[in-house]
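So, here's a batch of structures to check.
In what follows, chain A forms one complex with chain B and a second complex with chain C.
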Partner chain A sequence: MPESQIVFENIIKTFGEAVAVEKMSFSIEQGEFLAIMGSSGCGKTTTLRMLAGLEIPSEGEIRLNGERINELAPAKRNTPLVWQSLALFPFLTVLENVEFGLKMHGIEKTERRERALKWLDRMEIGEFAERSIDQLSGGQRQRVALARALVTEPPVLLLDEPLSALDANLVVRMQGVLSKLQKELGITFVYVTHSQSEAFAMADRVVIMSKGLIEQIGTPQQVFREPATRFVAEFVGSNNIISGKVSSKHSDVHRTDLFQGVPYTVDTDLGEVVISSGELDLGATVELVISSDRMDISFDPSDLENQFPCKLVSEEFVGSIVTLLVETENGMELKIQKQHKDIENIQLQTGQALWVSWERKSAYIIPGR
Partner chain B sequence: MPSSDKKRLDYYALTWRLPVIVWQVLFFVGPLVFMIAMSFFLVKNYRMTEAFEMKNWVKMFGKDYFWDSYFLTLLLASMSTIVATCLAFPAAYGLAFKVSGNVRRWIVFLLIIPFFTSYLVRTFSWYVILAESGVVNNILGVIGLGPYTMLNTRFGTLVGYMTLTLPLVVILQTFSLANVDKNLIEAAQNLGASRVKVILQVIIPSAKVGLIIGAVFCFILSFGDFVAPYYLGGSKPPTLPILIIDTTKSGQQWPRAAVVAVMMMVTLMIVAFTAIKLAYSRKAYR
Partner chain C sequence: MRADKLIRWFLWGYLGLVFLFIFAPIVTSIIFSFNSDRFPTIPLGSFTWKWYQTIYNDPDVWDAAKTSVIVALSTSCLATFIGFCTAYTDFRYQFKGKNSYLVLALLPPTIPLIILALAMLAWFSKIGLSGQVWSIVIAHTVLCAPFAMAVIRLRLQQMDPDLESAAWNLGASEWSAMRYVIVPFAMPAIVSSMCLTMAVSFDEFAVAWFVSGLNKTIPVIILEILQGNIDPQINAIGTFVFVTSITLVILAQLIFMLRTPGSASNA
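Up next, the complex of A and B:
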């Protein structure tokens, strides 16, 4: 089997005493849109910079198309980067900015002009070719940065939080532009971001990093619904995480339950919680991850399982989705997300007594370490 | 009432600005106007008399020695500017990019130390080094070279100019290079620029304003300097500052000296204005 386009093998990067990346191994396939996600200082930007040659790994090996590139000078790799600050040259015109890479590769004037103009047209900013950078809007600059990076027809494009300076509407528009470009060009995009929505909207696979370590690699659906670690469950989505100990396995397994796994009872701070899962050891510690959109509230108790009394602490309205924060009797806070249209007719008051519940199959189980 | 409030504020601000304005008018604008007026005065029986005649201007412009001085001074100051800018750049580049901020601060401090000593003293110290029996010729003599005449030559003048300007130019260049956006340098490398191309295509254009300001300072200081060409350059032919002194000494020709001074002012203004315009020029306007 041929090797993946980009391979990180046991990469370690230290800056003096500080460890930025700790023993990381993963690979990126040709034509893939990979997002590297994590909070600031997790090592995601360092990872990208190592790929661009702007940092040299302390240990391990990075391979591009099967060749070791650890020490290859940045100018010798064709791995353009789109900076968070965009790093456009303020002393050059839009056209000259886009021409820059071609000029450095020794392409003669008429050809590079032609190729640069073609890319400006493709990015729909051809009319601004002769302008200076400070005469453009944020979105237009973004397009110049993309054209400048892509004009040399690289096999890989690296992007370091390129949309973080744009306003929300523009971000969504540029996400569309980026996705479309990546599909049309068929080249690999490596996209570093702290934004879940950007990563999920565009990426084929997502790498979640924390403190220099990879926590999970998977499709957006996988990291969202099946978080591998407690960190991922807290970082991605809006989850309630409840720790507990497996106390008993149910013997009265119905046939229908078998499709969803075996029911167990877990002792948690809330009380006994019923889950359905694959094989678990009795006495094992587990983390139950229940997405806040899979929790329900009601005014009165019913015969549902996993039902606990609570009272409403706050209600946060952010457009079409409402997040309710409730506190259970033993002081645990749980988040519940509802569509605004579903609860707009219910009169909820802070401090009101409610019941929170969820189905046993809604809890995703992370085995304790 | 709002209007009277505003008036009171203006008086307040004016009070604070007044000392500077008075100082500038008394000691800068006043003398300048007087100097320009003086260039039209006449000297009769070794005494200056008020007049408005073009005689001094016609006289000076008609003399070859004035134009010799003028172009020599222009040439020497230009050479000084080019040499200082080229010598300072590698040093400033190293200070801006190759050393830590702490080392940079110490070296900039060391560069300020020469200004603690009188420029005249520093110039005289070159005698010991550049004289025919000086340090340099002694060392060269060991390997069978020389002795070379370095004092009373244009080389000597340039050494003097460097003594005056080089530390300042290095400091100005260092600060402007240190402010170049590091992202731009990385972006250029990322787009395939070699080390030399990064310097030529990104660092120099980014630091253009600071580099030009450094060069302008060097030109102004060299153009108006009297010490280096007089003591190290031998003053033959004299540069304009020396010409001013000579003119005032011979026959009390203050008005003719004023002509030279006005010409120097005009030249410096043109140079400074052109340089500043160049520094802030932009390729793209539309």
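Up next, the complex of A and C:
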């Protein structure tokens, strides 16, 4: 089997005492849209810069198409980067900016003009060719940066938080542009971001990093529904995480339960919680991850399992989704997300007594260390 | 309302006085350069070009002017080149002792000119280089390079540090990045620095007087004429020097302040 297009093998990068990237191994397939995600300082940008040749790994090996590129000069890689600051050349026109890469690769004038104009048209900014950069809006500059990076028809495009300076609605539009572009060109995109929505909207696979380590690699669905670690569960947004200890295995296994796993009881700060899981050791520590959209509230208790009394702390309305924050009797805060249309007719007041519940299969189990 | 107006008038008057204080001597010199009387007295005599004709016909003044121009041009190129290199080192690299490096690079203008001039003279005679045009050029370069560096450094500080990396990333070698990105970006500062160092060199007297030998520059010949007798052609030469310098300095300022695309505006 041929090797993946890009391979990171045991990569370590240190700056003096500080460790930016700690023993990292992963690979990227040709034509894949890979997002590297993490909070600032997690090493995601350093990873991207090593791929571009702007940083040299302290240890390990990076291979591009099977060849070691650790020390290869950035100019010899053809791995253009779309910068967070865009880094457009302010003393050149839009057209000259786009031509720059071709000029550096020794393409003669008429051809490079033609190719640059073609890319400007493709990015729908052909009419601005002769303008200077500071006459353009943020979104237009973004398109110039993309055209400049793609004009040499590289096998890999690197993007470092390219949309972080744009307005929310423009971000969504540019996501569409990027996704479409990547599919049409069939080239590899490596996209660094701190934004979950950007990563999930576009990426085939997501790498979650924290403190120089990879926490999880997987599809957006996997990362969202089956977080590998507590960090991932917290990072990818609206999860409730409850720690506990497995106390007993149920003997009354129904036939239907067999398909969903074995029911266990877990002792948590809330009390006894029933879960459904693969084999677990009795007495093992586990983290229960319950997505906030899989929790329910009611005014009165019923005979549901995993039901606990609580008090409404706050209600946050963000468009079609409402996030309710409740506090249980022992002081644990839980988040519950509901569609606004589902609860708009219910009168909720802060401080109101409610019951929170969830189905046993809604809890995703992370085995404790 | 009334009080505001009063303060305004007072401030305008104050400003006028300051400018009068600064420029009165020069203006006087310019006025007397067109005065027909030999001695600078009031009332003025009639208008005349006589003193300008005198210096125009004086081969010594021409020689001095030629020397000054050669020295100023060479100095401005050399000093700007050295200043650019120093400023770029500061922009690009982090190293131990960088602060000392910068302080050393900025030191020459803080040394009293006479001391610097004496040291230069002693040094040049040791290495057999005294009394040549080149010795003035070298001495002036030492004096001017820090100004060049300060101006260019200011410009490079406005540059997005990603620009250079972006050039490499797009396939530019280190030299191409220098040629197509760093130098074009710094160009306003480079031209401005050339004007400024040219003006400094053109005006400079003390060092030139010590190391010039027989190759007198304009300021040196002014002193020589002055020592001989009272002669209004001094005013004429003075006016010429003043106009040249002030033009260069204003030019430097204008070029540097040309709207610098991409620095402030798209921050």
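Keep in mind that, in the parts below, the second predicted complex is superposed on the first by the 369 of 369 C-alpha atoms of A that agree within 3 Å, B and C clash if a C-alpha of one lies under 4 Å from a C-alpha of the other, contacts with A are read in each partner's own complex, and residues count from 1 in each chain.
The rule is simple: a contact is a pair of C-beta atoms (placed from the backbone, for glycine too) under 8 Å apart; a residue touches a chain by one contact, two chains touch by 3 or more.
Since the model is a prediction, treat every value here as computed from it, not as a measurement.
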Fit-or-clash call for chain B and chain C when the two complexes are aligned on chain A: clash
Touching partner for A:Q142 - first (chain B), second (chain C), both, neither: neither
Partner chain(s) touched by A:P80 [first = chain B, second = chain C, both, neither]: both
Chain B versus chain C as contact partner of A:T93, first or second or both or neither: first
A:L54 touches, of chain B and chain C: first, second, both or neither? both
Touching partner for A:Q196 - first (chain B), second (chain C), both, neither: neither
Which of chain B and chain C A:R131 touches, first, second, both or neither: first
Doubly contacted residues of chain A, that is, touched by chain B and again by chain C: 52-54, 73-75, 78-81, 83, 85, 87, 89-92, 100-101, 104-105, 132, 148-149, 152
Of chain C, residues touching chain A in the complex: 160, 162-163, 165-173, 176, 180-181, 184-185, 187, 261-263, 265-266
Chain B residues within the chain A interface of the complex: 181, 183-184, 186-194, 197, 201-202, 205-206, 208, 282-286
Interfacial residue positions of chain A with respect to chain B in the complex: 52-54, 73-76, 78-81, 83, 85, 87, 89-94, 96, 100-101, 104-105, 130-132, 135, 148-149, 152
Chain A - residues contacting chain C, complex: 52-54, 73-75, 78-81, 83, 85, 87-92, 100-101, 103-105, 132-134, 141, 148-149, 152
